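Pasting the structures in now, so scroll down.
Below, subunit A partners subunit B and then partners subunit C, in two separate complexes.
Right after this comes the complex of A and B.
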């Protein structure tokens, strides 16, 4: 990286004096003054330029022949001409050759209309070709994976996808076969190109060679509307662009103008292809109420009216439970409603804040700060599976020269090639603090990523880590938050505890849940029993779930991609969701329903839009002070850091047996399970054991095991993996219907599990 | 204005009285059209029965009245509709909005859509004015005659 204080150089482009940063490439220097040099392969996010497409040829005085502007750095007194006859001739020639084997099937091609090759050909191309020879033909399309289709005829061999695979995702799966005009993209052994980030190659492809299978022939660029929004899949908060046609979301892509502070334009396949879940069969599309007639569908006005009538009754004790993905506005309006209802308790489903205060008081960092870090230590967690895009940031940091270490009980995708893997004994993160200290020693720009779940389970380790980071000069921390709503709701002071205990004490008459289904999550059994004691449940839900069946009034609400609102990322960045589609006709945004309830209660809240609610909230809560909805703009803004809280005493794991190490991969969550596009990459619920331990427990070789904790007993598929520590049972949570999450206590605290062989008839089926 | 002028005017009147009337007894007799008259649309098939339209939506992009809606789908070996990879599963033209500018015809890269001569397009309901693909694939039921000024086809007015 060049130093910012280096003197700029003056060059001349087309007779115009231009000031450019030393080391900048000619393409960028020209772009800064509005001179377009056409490119195909140049993409700074992919690393060093390779000059593969030859589209950017320019004339530089004093240099023989034409130069590739993408790989020629500026130099003092350089005189560049991008419009001379020689350059025009070269551009014509390059495009003529690029199109020599291109099928020109633009009317059929999904890229048609948003294709850089089309645009460059119109702007810089020759208009006609002298090549009469027959073109290369391949059978098409070839499925690189069930999600990515390859059309080899259209490929111009720009290497962008291969560079992404090799240099960004570092999976090394894609390569080029053959040479010359027979060059074609392939995987090494013909295996499908599957991974967590494969879809980015589609965004990168400057022609229609790599296209999205789920979007195949769905729409053309002029039939659609795009909205810039935020992914509500995990707490990274990647910026997305949503494509809508005929009222439905048809495609999700990375933003054409990426948010360099968050995801740099790379999004994971879960974020890209989870949208079919919004039109899945179990989507709640009409409100339901239970009355004398039984359960029946009503219009949303009627359902909200009925709910308001219930809340208007005097002496009623109400509680709110918020799940995910709940926006900050939803949380704020739940608090506002609670004030109208004698300060009814509001809680979120998530990890308790106890003991995490010291870590949250540490100076925070944004995702892009990792680029300049010298040391990155991850403590606990598995970002590749729980906050996927963090993985790309970590790999980039490593390429930039940072030493990356992964301290935790789980094997991760980063082990070895990117991160030094320092495996800890499950449930004993605290023992590894001296290792962390060793890594942080002597660093000046260290970043520590700590996992919310893992450190909440070990408050002593959390406190020790906080002290360690605080005593390291220049060190900053990023929380690997467990869920997408947590950071935002926490900023409003909404706790993760309280409501369950109050229900059990019989102190709740009406429970209002917002996108929360506690019965399938941690403490599910206890929740299910408690919910039976609640006379009235009003459920605001996107999809059908056990709590919807239980609710007296079920109101369908919009999902993150369909609503307006604000989410706070794990790095504390508030970013705006913008509606990509209108959602089901019988549904409304959760904030709208909450405001509607206040109207029906006769004490109307003043908010008419989510933006108004945000602005009103920002004035009230110090975390958002000084921010307005307009300030957030397209790229969001960091919110004020929390003040932290006290350390907590050590927690003892409940139950006996092996310590349960829990992962909640985003590729396995409920939304991923509802999206049929993700069939090929979905993670299923299973229990991982070290083969030696499985042998010792007498379950080696069996397909399933019975896992028993004090909270539940569940039959789960067994996966034996020698990378796992023998002192732990590794629970990977997939589909909520597996009920595996109910093995955990309601506060997601540490727990041990007894693993036993299943009874014969259990696995017989 | 002199007396001569009045006579001139009456001259026109009497001359016109003696010419044959241009009135056409519509609807028994159709108004003739020129070859490039732009009337009802038609979608065309290849000789082998496959549709020429590949559902590229360029007509919809060109349409200034926004009256064309195309939803494409992929051809499969079992269900091959068009000659290309994709075909138009839905092809609709809202004739109530169409301004018969012919841009769709110009935009079409496969000459799949043309504007024919038929102009009798009234319907009793708005729904019936939304022409679907099966309607558009049929030749127009009522074709008007060509104008007599067209070489090769002089048809005296009122006799078609």
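Right after this comes the complex of A and C.
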């Protein structure tokens, strides 16, 4: 779609001369000057208008009959009437007809009270019905999928869901069956509607036809409160809205007023339905301490007091380890506290910055810049599974005319239809730089998406890629960041290394972890051994985990959707979390606990709210210079780009055997595993091999294989997939209980694995 | 009452199902004459002939062809609409059945004019036999080199693809037909852009009805001026009427436009009514047009005269009803058809056609109220003219006109507790 950028023209709407952009649709031009023209099918995010519902009929002088305002472009001197008798008759008529077969079961409909059909009927519809005839009936509801319920009686055939499936997610699953007033939404095959983005059809539905199964009969709109927040599920930073009732999160939806620079209102099903993880059985709800009596529950004041007392002791050596999702405020207060503790080291669990400096110094782009790109090259990664909403942006970019290429070792959902798939040999991204150069050649608005993990493993490729992009005029880069906290903590200068080595050197007496459990992640075995040498662990954690069990003091903290704070997205956009629920009674926000510790140490930090902490932080750290919490508002703001860093020498993969190609699909991560709602779409931890390689290794047909690296040996389900490269073993991570991530070194560097058939007992068990 | 079998060449000549037979009957002369002209001259000839679209709307064919951009940089397509589904209309079927080569020649002529190398013929799903006849004819043309890499001369390719519909009336609407042809659900598109600019696969496309395209070979052979001189100035040429219903000789009649009256068509050509029956009503252009009464019988059959009588020439499907029929029941029957065939895209049509049918059904079955008539009247304007395509207009026109012209019949049916005419066996299944 081309953006009309000409000077505004004057048109007349309801007798008033107003300015409007030439070429804009009348419905938008009217809205811009405060005139509402009712619509159902119109939704510009779904593509060109289709003019089906006929709700937006208006009178345009000189045009025969009524025109659909959704599809009539503004032209100079146009005279429009949206309130004439003829228009009112049309609005009455369309609404009367829309209700002809609508069951009017609003009192038992989840949409009741927040339903565009109700609202339009009140505002623009007839006051009473003239319909004596029996309505068409369908058995109801139908499960379109385990997550989406379909009530065919309520459907007004506005096409929004079908267009989303067809034109946005491009999964081609939803369609209409039958015709006329028997029209019903269905999938082609009758199979469940499954995908990564299906829940958006619920947000799009202007009636109660598509509703969320997990939210079914949970609440009425007058019993809920909504808060605009940010998804902490991956580094995209999708804006979303949280629905709370009685202090608990009941629903997550896309923002009604989307952030067009980030997610455009589309969120993935993982982001939508992961919230039950907050009330999962293993949620840490009460602080625990270990004293002479043993391990026991205490109130949070006591736990923080005890921890403060430990930190007050003179001469103790403290270290901080930050995990995910940790906000910028959490990181800032950990740094502040560390200054009170002889500049105790603060590290984050994540990918080391080594060698990524040249890429991070490139001009950055926001997600929506992809809309106007001429070439998009992805180097490494698998955004469809690791940063899902990126997929929708890429599909849109392709529809807008961009040439999209995927250069990397993994097959992705974008291959073929959206992206030219240029498969690389695992561990040899560097070899593909000629191909990347070819794709960038001649472009003027290229965007390169590079994967943090994959390029950290290949610093030489990272440097080469950075040079390529830097030498391409107009090219910009977006980092496909591996975790949600990394970009923010990096902006505070918090490194991904150091603490482990200090622990191993016996230099740490007290380790404070914030949402971090290193024992189940990369280098888990090494971490577990090191932690045994730490006299005192103070764990701030959302859920039970091995580190909670070995902590002297465990303090429950709030999780993304429950807390206030700031996250920085992979595109470098700082956005505010707003609490959508009060969280467990015994828990507090991590930053608040850290402030509490300073008070107990007798050196109180001044911050009383996350906003105050942000503003104080922004004055100190150049990345946030000039920003205030208020500036971030509802849509956030980009932070200053990093200054980069030096290139690094090549890294050799550790171990023998096949190069491990690692992905962490968000649909399979720890949070996804804690949410029952995601049962039907969860990706399980496994090892993938191409059938030929599985055959060569003698494991073809096995259900499981033993995967051994210098760091661990783990039994994993085997998936044979002909799309995989034979020189790689594809490790799909997720479930922490599988311990699969411990196969990787602590710095997540390149590693090879030996794949062997399991001994009989292992599989039988 | 002049008849002229210009499109129905098979009524004058034998053996038109073989290429050689068609050639002996003067076949390909039209294309030969066309290929001697430049495409622009051919287009000009289409325009000068005054030929109007025979599918129903009556839009001048040559003007439509002239709307196609010549420099779009994309392929141009010609699509022949053979989705003849209008109730009471079976004129195209006879062309497909008996004179397929003339259609192929017509398609080729139009294609040459607009620069199309690949045309499509979209045949109604129910026309299985006709599709088979056409397929054989196309194959024979290919074998003889009439279609293929050198169809329009050495190195000037042209070919025709046959596509069968799946039984949806809406696919006779040109943009729904294009959607269906693209493999999608058949439903009309938002216009503009019109098919001439962005039609099949988004490319410039000329869509014409079978009868329109089959009229081209004689026009090009004998000259546009010859054609333009037949019949009235604004409605030149011949037109095939399909007469059905309560007549003794139902069938197709190709007549010279404007020189035959409705009365002559029904009472002379189609043999008149059964003994003892009086003429009651007639839908002259398929079921989607306003109905006419006995007082309109002397209307000449051409676009302008029929419009003057308050109806349309439409597809030329003339449905005749004598006094044994019930206009209320007939209206209900038609409403049922349109409800069944509404694609469901636009609200007024999707819901309105159903509501119309339900109200009329109630009246026919004895549960009508006099106030229903006012309600019907208020509904017409809320359905008609408010949708993407003309299906809704076609659903309203016969009912609205019936209520206007036969209001007494409606009142009588309501007051007497139902239609006096019993339900025909097995006709309607609601």
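Convention: the second predicted complex is superposed on the first by the 759 of 765 C-alpha atoms of A that agree within 3 Å, B and C clash if a C-alpha of one lies under 4 Å from a C-alpha of the other, contacts with A are read in each partner's own complex, and residues count from 1 in each chain.
We adopt the following convention: a contact is a pair of C-beta atoms (placed from the backbone, for glycine too) under 8 Å apart; a residue touches a chain by one contact, two chains touch by 3 or more.
Nothing here was measured: the structure is a model prediction, and the numbers come from that model.
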{"item": "Contacts of A:180 with subunit B and subunit C, given as first, second, both or neither", "value": "second"}
{"item": "Contacts of A:98 with subunit B and subunit C, given as first, second, both or neither", "value": "second"}
{"item": "More subunit A residues in contact - subunit B or subunit C", "value": "C"}
{"item": "Subunit B versus subunit C as contact partner of A:445, first or second or both or neither", "value": "neither"}
{"item": "Which of subunit B and subunit C A:216 touches, first, second, both or neither", "value": "first"}
{"item": "Subunit B versus subunit C as contact partner of A:156, first or second or both or neither", "value": "second"}
{"item": "Common interface positions of subunit A, toward subunit B and toward subunit C", "value": "none"}
{"item": "Parts of subunit B lying in touch with subunit A, wherever the complex brings them together", "value": "54-58, 60-61, 70, 72-74, 84-86, 109-110"}
{"item": "Subunit C partner contacts - residues on subunit A that touch it in the complex", "value": "48-55, 57, 65-66, 68, 71, 89-90, 92-94, 96-98, 100-101, 130-134, 136, 156-157, 159, 175-176, 178-183"}
{"item": "Subunit B contact footprint on subunit A (complex, rising order)", "value": "105-108, 112-113, 140-141, 216-220, 222-223"}
{"item": "Residues of subunit C touching subunit A in the complex", "value": "168, 170, 185, 190, 339-355, 358-359, 362, 375, 381-383, 385-388"}
